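One structure is given below, represented as structure tokens, and several questions about it will come after.
The letters A, B, C and D name the chains in turn, as written, and every chain counts its residues from 1.
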Amino acid sequence: MSQTALMSILLASPLIGFLINGFRRKHHSANVSGIIASVAVFISFVAAVLFWLELQGMAPESRSILVNYGSWMNVESLSINFGFLVDPLSSLMILIITGVGFLIHVFSIGYMHHDKNVAKYFAYLNFFIFNMLILVLGDSLVTLFVGWEGVGLASYLLIGFWFTDKEKASAGMKAFITNRIGDAAFLIGMFIFFVSFGTLNIQELNALAPTVAESTWLGVATLGTLFLFIGATGKSAQIPLYVWLPDAMAGPTPVSALIHAATMVTAGVYLIIRMNPVFLAAPNTMMVIAIIGVLTVVLAASIGITQNDIKKVLAYSTVSQLGYMFLACGVGAFTAAFFHLMTHAFFKALMFLGSGSVIHAMHEEQDIRKMGGLKKYLPWTHLTFMMGWLAILGTPGFSGFFSKDEILWMSWHSPLGHWSLWALGALGATMTAFYMTRLMALTFWGKSRVPKEIHPHESSPIMLFPLVVLAILSVVGGYVGIPHVIGAILPGHPENILAGWLGNIVKPIPGITEADAAMEWTLMGVSVGLATISAFIAYTLYVNKQEAVQSFTNKIKPVYELVYKKYLVDELYFGYIINPLVRLSENIWAYIDVRFIDRCTYWAGDLMKGGGSFVRSLQNGNLQSYAMYIGLGLVLTLTFVMMR
Amino acid sequence: MVNTNVFLEIGLNHYLVLSTVLFCLGMIGVLLRKNAIVMLMSIELMLNAVNISFIAFGKYNSNIDGQIMVFFVMTIAAAEAAVGLALAVSIFKRFKEVNIRFFEHLKG
Amino acid sequence: MTADAFLFWFLALSTVAGGVMVVSLTNPIYAALSLAFTMVSVAAVFVTLEAFFVAGVQLIVYAGAVMVLFVMVLMLFDLKHEVESFARGKVTGAIKLLAAGLLAGLLIGAILYSSSGELGSSAPQAAAQIDSTKTLGYRLFTQHIFAFEALGVLLLVIAVGVVALSRSKGGTHGKH
Amino acid sequence: MILSTLVFLPVLFALILALWPQKNMIRPMALVFSLIHFAVGLIVFQDFDTSTAQLQFVEKHMWIEKFGIQYFLAMDGISFWLVQLTTFLAPLIILASWNSISEKVRGFHICFFILQSAMLGSFLAFDAILFYVFWELSLIPMYFIVGIWGGSRRIYATLKFFIYTMAGSVLMLVAIIYMMYLTQQAFGQMSSNLLDFYKLSIPFIGSDFFSMQTLLFFAFALAFAIKVPLFPLHTWLPDAHVEAPTPGSVVLAGVMLKMGTFCYMRWVLPLFPEASEYWAWIFIMLGVIGIIYGALVAMVQPDIKKLVAYSSVSHMGYIIIGLFVMNHQGLQGGLYQMLNHGISTGALFILIGMIYERTHSREISQYGGLASVLPNFTIFFFIITLSSIAVPLTNGFVGEFLILLGVYKASPWAAGFAVTGVVLGAAYMLWMFKRVFYGEKGPLVADEKHPLIDLNVREFVILVPFVIMVFVMGIFPNHFLKYSEASIDYLVKNKSSYQLTIKGEQ
């Protein structure tokens, strides 16, 4: 099959699914719409696999397939094509998207069973997949931007899926507008690149960028990449634009799994990896990315500790894990970033789906204080969730371990890294272990606090099947990227497959030295040790000694409240940016438009009117006044004549 | 001495200044008086002032046309006085009033 | 002080004094009498300017006929009460006075300016000694005959018009 | 003859409508006429040569010999799509007025057709006086449309609209007459031919505000700025839109505003190249202010129609900055944005008209939860909203992207400020969308006595072309851009020696 046809199938299949479900949006059968949508994504998945196989068959240096559907915009030097590029990076990405996406579609069939608008739901999901594929495959920044905005749109629609609830509609709007801020910066980034390099094609940019390697703050590459990074912070929920993601949990849970954990939010990371030569040319940007990333890790993890909504905990966890990916990008460890992106997609999607299963079982109850002891009601959910838990903890042997420790190691070891980055990263890992264990403990273990009227029940097989698959992937997913040190002691010395696969895409960090194996082992031990201790503490506290937690939080109440209220960032944004802006707008409308400009026009009118009535008042019919005007006119004329 | 000359040697300018003063007096009368008949008188005053300057110019330029002009002016003045007074009479007959303030029908 | 100069100043004073009285006297009869006085003075001024014929006409037509007309009309009106003599409104009054004053100032300025500040420098030319009345008559009936005749027609028209006017019952507007 | 046919066919239609005896046939006849007109407009596709910037379909006859005033119609790449837009919108507008105009139907359609004629005339005229006639003629039917079929404060709005526009165009008339005088100086024969105007070289001294070119430039630019409308001359627009009946709003936003921006491309930029380059910063600044200001003010409007009106101010700001940076992307984007704005804002006004017909209110706070009551309506509204906030693959994105790119090339700061419009645009549109369509049902929506009915067939027929155009223009912009490419290229490359020639003449 020709590549163009294959690409067409890959892209068109979800689009057609979207259209079919969109036009039959009034049907209520979850099974029919779900199957249509799932099949659409599955076809895409098959196409993705075929692409991957095709790349496998190529020589490593020439692994790239470009399908060009022709020109989109063509104005003088600006020439943008509908070009879609499959290379090792995007081929893996589309596998993840369609693979995980397919599983989540399947899960949704069960989860959305009772919803009336299920066809619309599946239409949106397919629409999302379509846009995500465009984002990933787009060969120029503009094509990428099409998907970039498209996924934002899908996200908006899905977050506000239950739009009759004002809060949920607001959450969708918040997500879209926050993303738009990033998108505006993304546009500026594109313009900078276009004006400096004359192209927006990603491969051409990657080839051209190293020629401008620079260290100033105002250089082309630095500014351009910084603006792109702002765009990425919007999409990938980093400081300062992360605020939309926790609110985005208003959407149906599978949506949170697909969009707000596994795929869309990683788009920013993907963008940076995609353009890694350009970013490497701008060390200042890299530093900013690393710092923002690690700060996000710590901030989000600390908020995660205090949250009581199962999805909110996972949301902050996602923000925090995305922070790791950015940290990795910032220190130049793009492979590690992608590796973590992939493993995170597995285990976070798993945990979100697991939480969905829990919520489903609890009849839409999301507060973990009202759960506990669900292990015996939901054995499968518990088991699979535990796999995700172990993975995110970084338990040796599970996928998260490999990816996270590689990131931590690189943040120490890389010439772009710093020990403080490692320290904060490790702190983040410790906190992660704490809040994830807390979540497990409060949800599944310990005593049941489930209200009497709720009778939890295990989900249907159609929901469990994706959980199981993802659980397996969470466990074994790490083996494609076994770090060199670990590989060296394992039997058969397995290589880092992922690094090899991405070898031609990811540029090596300039000036990197040979790894110090002993050091690496030490750091690995430290972080794993810290995580274990913290997990153990959390387990003890939340399974057995909840009173102790209570009294402790009471002691540090101000701090606890601050963290519980998410450091008041939302309030800050609303209090100091959004509300003043709205008030400002009201004022400029009232004062500038109505009171000033309109008044001015009235004044102009009144001036004419007044002038008219003044002149009219001169015509008062009094003969002597007329004579006076003659006299005055005479005086004026004479004066004028004499002044000459 | 200039000062004595100004008073002793009478020239064209003296007559012109006299004419100006008289003219402006007439004008003040026209502008300020209420009585329509007095206004007409003031107009006569102004015409007389002009006549003075005509004659003076005629004399100092040795041109008799100045006097001819005065002759005409006088005729017109007489005619004007007649018409003006006739109007005044007619107005008075109707309104029993010659105060100019009551006749503001030209108001715009 | 020569007789000429004395005569001029005397006549100038009486003319202006008469003018001021016309403008300022409240009773219209007094104003009319002042006007007659002014007319006579002006006639005398004409005499000093050697315009004897015109001076005569001035006396006959102005001081005689026109003034009689004025007085007659005033008598006819038989004003029981005097109307306010001056227009109301201080501001407009001030503006009017100012306008007249400025006009006088400007004209005098112009006169002085045109003769470069010397008030009495331009003496009458020697050739002024002509028989003015005869020349006047000659000119009037040769060169200006058309204007003269036109004036005659005008006077006739006016005579008719005035009669028509004074016989009519009033203007186009109704009484307020 | 095709252009004369295009311009005067509506007049003929108006005549027929005026004389037709049966009243109930007016609407269908008008619809058929507008479709015929649209079809006639399509004929130019066949013969239009996209490879040249020269004038095509030229019709040139002496009109008033003594002053060199000609009847001179021609088409080039700049006016091509605007003419198509005008004829495209006509049938849709007539359909949209089907129910909302219930009184004086005949008069309305006569006004509408005369308006069409005037607008097409001002797009196609290449003679200053002829142009001026059309330009002013377009005011009169609009005056009646707003003044007779408008809302409660229609007299206020019409007067404001009329006096504002009139004030600007009087200055322009002075400038035109002066330029005719200049032609007499330069060529010995007075002429109001635009091509002769192009040949003039009008003295320009940058530092001297009273140099001739600057004065003429501002005289023209002011007239067009009021029409656009450019901040701070925009206050007539919200009032006119709010009071105008739905079809009036659509014509006003869809085509009439474009007359302003179009004339910048046809008149101001080529006629006064130095002045428009020297003073471009003012217009870029005002454009940027307009973008942000319009968006901010739109955000807090309680009335949907006023919100869209202010969003027009914002969008027109984009067009202005695109034009005044004078490069390919900016100009092409500006031209494209004119079409986009015509489509998306026109559609928005029609949609608002539809909902107004149902509820007789435009207060945002009275709505809420409309999405669950009128799902089809919501879908259309949402698609048009997307177009309005420039989501990729809709038409809005192409225009906005090209404009911002062009502006960035010329002035990064201006682009930096202008992109905030991207965010604010999404903010006000989506906030409005949320308040109107999402959440709990508002008082008007929940009213049991008057249940709202979803779109009927007529309304579908109106909206579907808009939606198709939104996506066609978003996905295949090249097909549209290629028609104006040669003209824009010529304008950019020869801005100081702009000499259009007539195709087929030497």
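Keep this in mind: a residue touches a chain if its C-beta (ideal position, glycine included) is under 8 Å from a C-beta of that chain, and two chains touch if they have at least 3 such contacts.
What you are looking at is a predicted structure, and each value in this text was computed from that prediction instead of being measured.
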- Query: Which neighbours does chain B have in common with chain D?
  - Reply: A
- Message: Can you check which chain pair, A-C or B-C, has more C-beta pairs in contact?
- Response: B-C
- For the pair chain A and chain C, the C-alpha centroid-to-centroid distance in angstrom is 102
- Message: Just the number, please: Cα centre separation of chain C and chain D in whole Å.
- Response: 72
- Query: Distance from the CA centroid of chain B to that of chain C, rounded to the nearest Å?
  - Reply: 4
- Rounded to the nearest Å, the gap separating the Cα centres of chain A and chain B is 97
- What are the residue numbers in chain D that touch two or more other chains? none
- Task: Would you please write down the residue numbers of chain A that are in contact with two or more other chains?
- Result: 624, 628, 631
- Task: Find every residue in chain C that makes contact with two or more other chains and list them.
- Result: 87, 96, 99-100, 103, 107
- Please list, in label order, each pair of chains that touches. A-B, A-C, A-D, B-C
- Query: So in the complex, which bits of chain A are touching chain C?
  - Reply: 624-625, 628, 631-632, 634-635, 638-639, 642
- Touching chain B in the complex, chain C uses residues 1-2, 4-5, 8-9, 12, 15-16, 19-20, 22-23, 28, 31-32, 35, 38-39, 42, 45-46, 49-51, 53-54, 57-58, 61-62, 65-66, 69-70, 73-74, 76-77, 79, 83-88, 93, 96-97, 99-101, 103-104, 107-108, 111-112, 115, 118-125, 127-128, 130, 132, 135-136, 139-140, 144, 147, 151, 154-155, 158-159, 161-163, 165-166, 168-171, 173, 175-176
- Task: Could you please specify the touching residues of chain B with respect to chain A in the complex?
- Result: 27, 30-32, 39, 100-101, 103-108
- Message: Per the contact definition, I'd like the list of chain A residues that touch chain D in the complex.
- Response: 25-26, 71-78, 142, 145-146, 149-150, 153, 156, 160, 163-166, 169-170, 172-173, 176-177, 180-181, 183-185, 187-188, 190-192, 194-195, 581-582, 584-586, 588-589, 592-593, 597-598, 601, 605
- If you look only at chain A, which of its residues touch chain B in the complex? 616, 618-624, 626-628, 631
